[in-house]
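Below you will find the structure I want to go over with you.
In order of appearance the chains are A, B, C, D and E, and numbering begins at 1 in each one.
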Amino acid sequence: MQFFLEVLIGGLLSGVMYSFVALGFVLIYKASGVFNFAQGAMVFFAALTFVGILELGVPFWIALVLAFGAMVLLGIGTERIVLRPMVNQPPIALFMATIGLTFFVEGLAQAMWGASVRGLDLGIQDEPIEWMMEATGIGVSKFDLFAAGVAAVLVTALALFFQYTRVGRALRAVADDHQAALSIGIPLQTIWRIVWAVAGFVALVAGLIWGARNGVQFALTFTALKALPVLILGGFTSVPGAIVGGLIIGSSEKLAEVYLGAYVGGGIDSWFPYVMALAFLLIRPEGLFGEKHIDRV
Amino acid sequence: MNGRQIGDVILDLQNISLRFGGVKALTNISFDVREHEIRAIIGPNGAGKSSMLNVINGVYHPQEGRIVFHGEERRRMEPHMAAMQGIARTFQNIALFKGMSVLDNIMTGRITKMKSNFLEQAIHIGRAQREELEHRRKVEEVIDFLEIQHIRKTPVGRLPYGLQKRVELARALAAEPSMLLLDEPMAGMNVEEKQDMCRFILDVNDQMGTTIVLIEHDMGVVMDISDRVVVLDYGKKIGDGTPDDVRNNEEVISAYLGVAH
Amino acid sequence: MTTTTHHSEAADRYLTVNNIEVIYDHVILVLKGVSLEVPKGRIVALLGANGAGKSTTLKAISNLLGAERGDVTKGDIMFKGTRVDQMTPNQLVKRGVIQVMEGRHCFAHLTLEENLLTGAYTRGISRAELKQSLEMVYHYFPRLKQRRMTQAGYTSGGEQQMCAIGRALMAKPEMILLDEPSMGLAPQIVEEIFEIVKDLNQSERVSFLLAEQNTMVALRYADFGYILENGRVVMEGDAKELAANEDVKEFYLGLSSAGRKSFREVKHYRRRKRWLS
Amino acid sequence: QASEQFIGLPSYRVGAYAAGGSGIYGGWIDYMALVNERDGGVNGVKLTWEECETEYNNARGVECYERLKSKGASGNTVFQPLSTGITYSVLDKVAQDKIPMVTIGYGRTDASDGRVFPWVFPMLTNYWSQNTAKIKFIGAKEGGMDKLKGKKIVNIYHDSAYGKETIPLLDAQAKKYGFTVVHIPVSHPGNEQQSQWLRVRQEKPDWVILRGWGVMNPTAIKAAAKVGFPRDKMVGVWWSGAEEDTIPAGDAAKGFIAAGFNVAGANYPVVKAIQDNVYKKNKGNMEDKARIGSVYYNRGVVHGIITVEAIRTAQAKFGKGKVMNGEQMRWGFENLAIDSKRLKELGAEGFMPDLKVTCLDHEGSGKVKFQQWDGKQWKVLTDWIDADKELVRPMIEESAAKYAKEKNITPRDCSKEG
Amino acid sequence: MLYREAGQFKATYAADQQIFPIRQDRIGIQLLLALAFVAVPLFASEYWLKAIMVPFLVFSLAALGLNILTGYAGQLSLGSAAFMAVGAFASYNFMLRIDGMPLLVAFALGGLMAALVGIAFGLPSLRIKGFYLAVATLAAQFFIVWLLTKVGWFSNDSSSGVITAQEMVILGYRFDSPQAKYLLVLSIVAVMALMAKNMVRSSVGRAWMAVRDMDVAAEVIGIRIMYTKLLAFAVSSFYCGVAGALYAFAYLGTVEPEGFNLDLSFKILFMIIIGGVGSISGAFLGSAFIVLLPIFLDVLVQDVFAGLLSPSIASNMQLMVFGGLIIFFLIVEPHGLARLWQIAKEKLRLWPFPH
């Protein structure tokens, strides 16, 4: 039982880690109807830029601000060069454009900061909380708890932003119909810059947290892979969905690997999250919290 | 006035009720459609007219009520079954296949009549090729009839609204339906174009004997060309009868027509 | 070429379109030199058959063509003395020009009320003012109030049309470009909408440029009209004069010298004569 | 025109494996530059090379192979793909085109049987040899191979062809020495290993063998720290034993042990010579000079040494100062012998193992050293440890024979080779 | 004046329904085929045949398959590589385990296995749409690769999970020279491309497009959605399966399950989007773009810029330029290279008048 609990809690917490990346996807999807393939590359770029600046001897907080600045620039550049000429184009074309962006950002990151792998220390130990370990025998990492806290704050803030603010509403409108949004004077350019900047910020946070865990290296782009089932399960358009999806995927993936994996030779966490998400989708085709697809005749 | 004979009831809807969550789109509606007639459905916006058509061809499944088509009570039915039974329709918000040319759009209308399988089509000799030509001939007849020869190869997305409506009608006609459901076929047209459209509808009705169920907001059109009219308001039926009956029905006047026309 | 004679004061030079040419996709020439003018506080109707280029003209004015890969390649557009053809739609809306697009482009996943609220985006106003504007729209369209919490995607065609118009009103525009407002609306609502147009025009001095197929109603409410055919203005004049013109009567109003013909009696297609082809 | 020996370099400097690639190719190119700068080439034959970006992708690798094949004066004379996937993709082609393929510490294990694979040289050590050395090391730590009885070893492996390759061997060894082995796969990319390490904790093993790849390594080390498994009981393969694997894990990596057929450190004469003769003249390949002497860099130097020594060997037979073609190079590799004396001359004593390749045995060595991460750098822990050849060789021959049968290859008779 | 339809009147519908109704197009395609079948094998170097033409054709075939599913039937798939893997491993096993199995039959059976797997993973498409459907195909992608790695039987218990494709022999003729391999691949691809073109211009193709453009309306017209979607999955997977078999047999010779990873799936998706979604020629153009451009850039860097830039920067610059060009082409024409080509032709038709 204790082991079960430990696996469960570990799974829930690692699910939160996936949510960080999923959140970035949700933001951009919700605000422009674009599936941003470059999210993983942005996570990498953000973390690498931060560490790169840090290595120049810049203090932590200033480096953070500078890295955020770099993400804002990237967002503005993307809006100007990629999105603006492609207003009102089919989502698949925009999706492809973000793929081009992925190659560009990956190349840019490594051309700027080199290919070497770097460590990152946020000053929070990735070790079990001792008193809890002693009292219950269950190991819960301080770092994971910290990450969960950050995620909770982010998600709450973003969910409120989308639902209740003028800009949030405009973002959702843009996702529905670019041209109609333009026609009532919603400044697409500003909106997209805001969103990409916010998504850049989320990517930075995700990059820092994942980077502190596994090192700042190209593999950060792979985090996107883990985020996909989370995104799909929670729904492309739901901020809280990203978290709930993360929790479900994280915990079920771990439980499955531990309890089912042994029977089939293990390694099932490569596909289990997808099958899991699929099972949910068969019941709710738009994800748990996603907006229902409206098609009427 | 002309040779067509209005026949027996072929579609009988009895006590249909349809709800979407809390919204009652249709409440306890009964009406029938006779063979070869032009049956109009009118009513204010949101009255449930389009929903009614969707019930008839199986897109929506009413929670209550019976539908009898050609004497047979219909169980839950998928839309493509309705097409098989000879019901074709056009849509209020144009539902053409945007990525295809006009010709291809109309050709899809004949899909239920195609016999060759995909392997024959892949090889494209023998039956598949013959069939393709045969149906093309039929489609060209429709194209000639609706006078859209000049836009045959144009992608439908580029056409102005009015022509798109006509292409949609062509697609429906290509199926040689016995019953045609038209959802506001004349919206967004000027008088001249409406006249053309009326002519097409009347000719289809006359020459092919097609039964037509028509939703339209232009009272001039409705009153001129329909045989019987049913009036809906807030999902309820408030009138049913010949154009003249309906025109003089107090309830209909206050709910829909407004000041006398 | 288009020297409009009916209004001469400079203050009336409000919206002018000068000889514009529009090309879609770099190859499809749609407008071949269209000029028109909307004086302040007037209602101008833009009439014409399907595909004449009415919507294109409106989109050229509100600068929505870019999104459809269309380009204004010649001519210019002035609003209150400044050129506006290079402005973004956002800047135009801030200046008071807004378009209601053809085909009810509502935001399907937003509720009707949220749809309306987005309309006020450019104004950046307080909650109280917002509420007030909302009430104004609900006053014009009570049906919207009833269904305010429904997602627009699930409302009927007519409801969506009201939503689109209401949403534009939320921006408190000076000038509205209305594209086929009557399409798909029940007759009494069409009347209502035109009454609203008239009301706004008279009480708030909102100017209108409306593209309409329903020529009869349009000419009844408009002050002035242009007839567009094949991307060219083929006729213009006072609404009353136009309505009295024999050709217009026959081709756009369906009236012959013998009065209105029944739709059933129309026997042949395409009997038209064209001014230009 | 001076005679030039062309060497094609299918490199990868972008993407996920760029960190390793830039180190290895840096070291390799620097060593060749050293030979050119200091010695004027190999007996006067200058070395030239050209890179071709593979992105670690099989299809791109094949394209590079074909492109490089006809480059240079003599065409490419040795192909070293540095990727097991590409190795497999060009396996048939190298025999047809008569270009020797050298795969040092990766690639197809059973290609060590030179009778079936005359053109393939998985030199120094293959995965199976290395693995037996690892068990020897663990045995030594436990105080003798007999002490392994009853012990438990967890094998955490990358769930791929590469990762799975040592499973049969570990099972055989477990039987032989009486320990239990538990195999736990980690699916690619392996940036999340919570469940695997909870299982490790549950299993309470005495040792963990880490057969990792890329980001899987630091993640495993961190996860080990999280569940409290001692890092100095973790032994990694050489793809888990570079600075790139430990630095990202931070403090958690302290004590982690890894096998290697080359060691880290910039103090070896050969590395010094590169500094003096190449970097002083500003002709070095590394952008980040701090990485000179790192595990990957030094591995590149090993690649350089082996390539150059093979040219030398071939020239000794076919004519000093001549440009060797692919067939001659093959002979050079097959008769390559670098003893400790030669290693000393090269300034690489202790830097890499001595080796002697034969027709039968294309591996030529099988020795590895173990290094431990002290939190800042790798420290050599042991001397060269030999593989358990009695165990490995029959398995290699069996596997090679199966391949020969499948492909209708008649193995060479090595007694007839000269 | 070279490219004109004028004066070419179609007297019959049969003439109008030819694959290439315009004479210049017909001549063009004949020239292209002559070039591909005669000139290329005669004049192209071994490098070109082996390293460029064969992979280009194989990827074109896979892209063709994906284009049927995604471009024509509108079902987004990220599992093409997995279906290729099924084709490759199935063909290998048919050849291995059944004595005297003819090569082409093995390819077809490989494709058929892929089609079956495709149908199984296509089932969710009846309920799930758009990007959400991608998850089903992703599940296929990861599950199939996992299964091929995990179950030794598929790779004939090779210790490394790698299979080595058998030699290609048809009726006693050994296809081992680069020319022979190229011609074999070219013939298969040409025939399958023709069949694809026939399908998409017949009623199956129209049914696919109808489902893609508006599935509710399609159903109302009488199209059976389930059958149509699953057929698209089956045909598409068949194409991918055959492409996978060719990838193993004619191109690499030796393949491992990991070679068919998500990256490859994405690559094929890139091809159809860049080439043109819903276009047969787009599959070829896209494949050319994605396969050739990086090579071209690399050659350019090695030959022209070598020494000017540090190798890492040069490599990363290639990546950036590649990404930039993708964006550039999409901005110029969001509907892909095939559409760009079409517009060019349209302009040519109007030339010298601008409109």
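What we mean here is this: a contact is a pair of C-beta atoms (placed from the backbone, for glycine too) under 8 Å apart; a residue touches a chain by one contact, two chains touch by 3 or more.
In UniProt terms, the chains line up like this: A, E = Branched-chain amino acid ABC transporter permease; B, C = ABC transporter ATP-binding protein.
Everything quoted here is computed from the prediction, not taken from an experiment.
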item	value
Neighbouring chains common to chain C and chain E, by label	A, B
Farthest-lying chain, centroid of Cα atoms versus that of chain E	C
Chain A-chain E separation of Cα centroids, rounded to whole Å	32
Centroid distance [mean C-alpha coordinates] between chain E and chain D, Å	36
Centroid distance [mean C-alpha coordinates] between chain C and chain B, Å	29
Distance between the centres, which are taken as Cα means, of chain B and chain A, whole angstrom	47
Residue numbers of chain E (touch at least two other chains)	146, 149, 214, 216-217, 220, 312, 316, 318-319
Multi-chain contact residues (two or more partners), chain B	50, 59, 91-93, 95
Residue numbers of chain A (touch at least two other chains)	106-107, 110, 114-115, 225, 265, 267-268, 270, 296-297
Chain A contact footprint on chain C (complex, rising order)	62, 64, 66-68, 88-90, 92-94, 98-101, 105-110, 114-115, 117-119, 121-122, 124, 151, 153-154, 164, 167-168, 171
In the complex with chain A, residue positions of chain D that touch it	13-19, 21-22, 159, 183-189, 191-192, 194-196, 198-199, 202, 214-215, 218-219, 222, 225-228, 243-244, 247-250, 252, 287-288, 291
Residue ranges of chain C touching chain B (in the complex, touch as defined)	24, 28, 47-52, 102-104, 143, 147, 150, 154-159, 161-162, 180, 183-191, 213-216, 251-254, 260-264, 266-270, 272
Residue ranges of chain A in contact with chain E within the complex	35, 81-82, 85-86, 89-90, 92-93, 95-97, 99-108, 110-111, 114-115, 225, 228-229, 232, 236, 264-265, 267-268, 270-271, 274-275, 277-278, 281-282, 285-287, 290, 293, 295-297
Of chain E, residues touching chain D in the complex	45-47, 50-52, 55, 146, 149, 156, 159-162, 164, 251-259, 261, 263, 291, 294-295, 298-299, 301-302, 306, 310-312, 315-316, 318-319
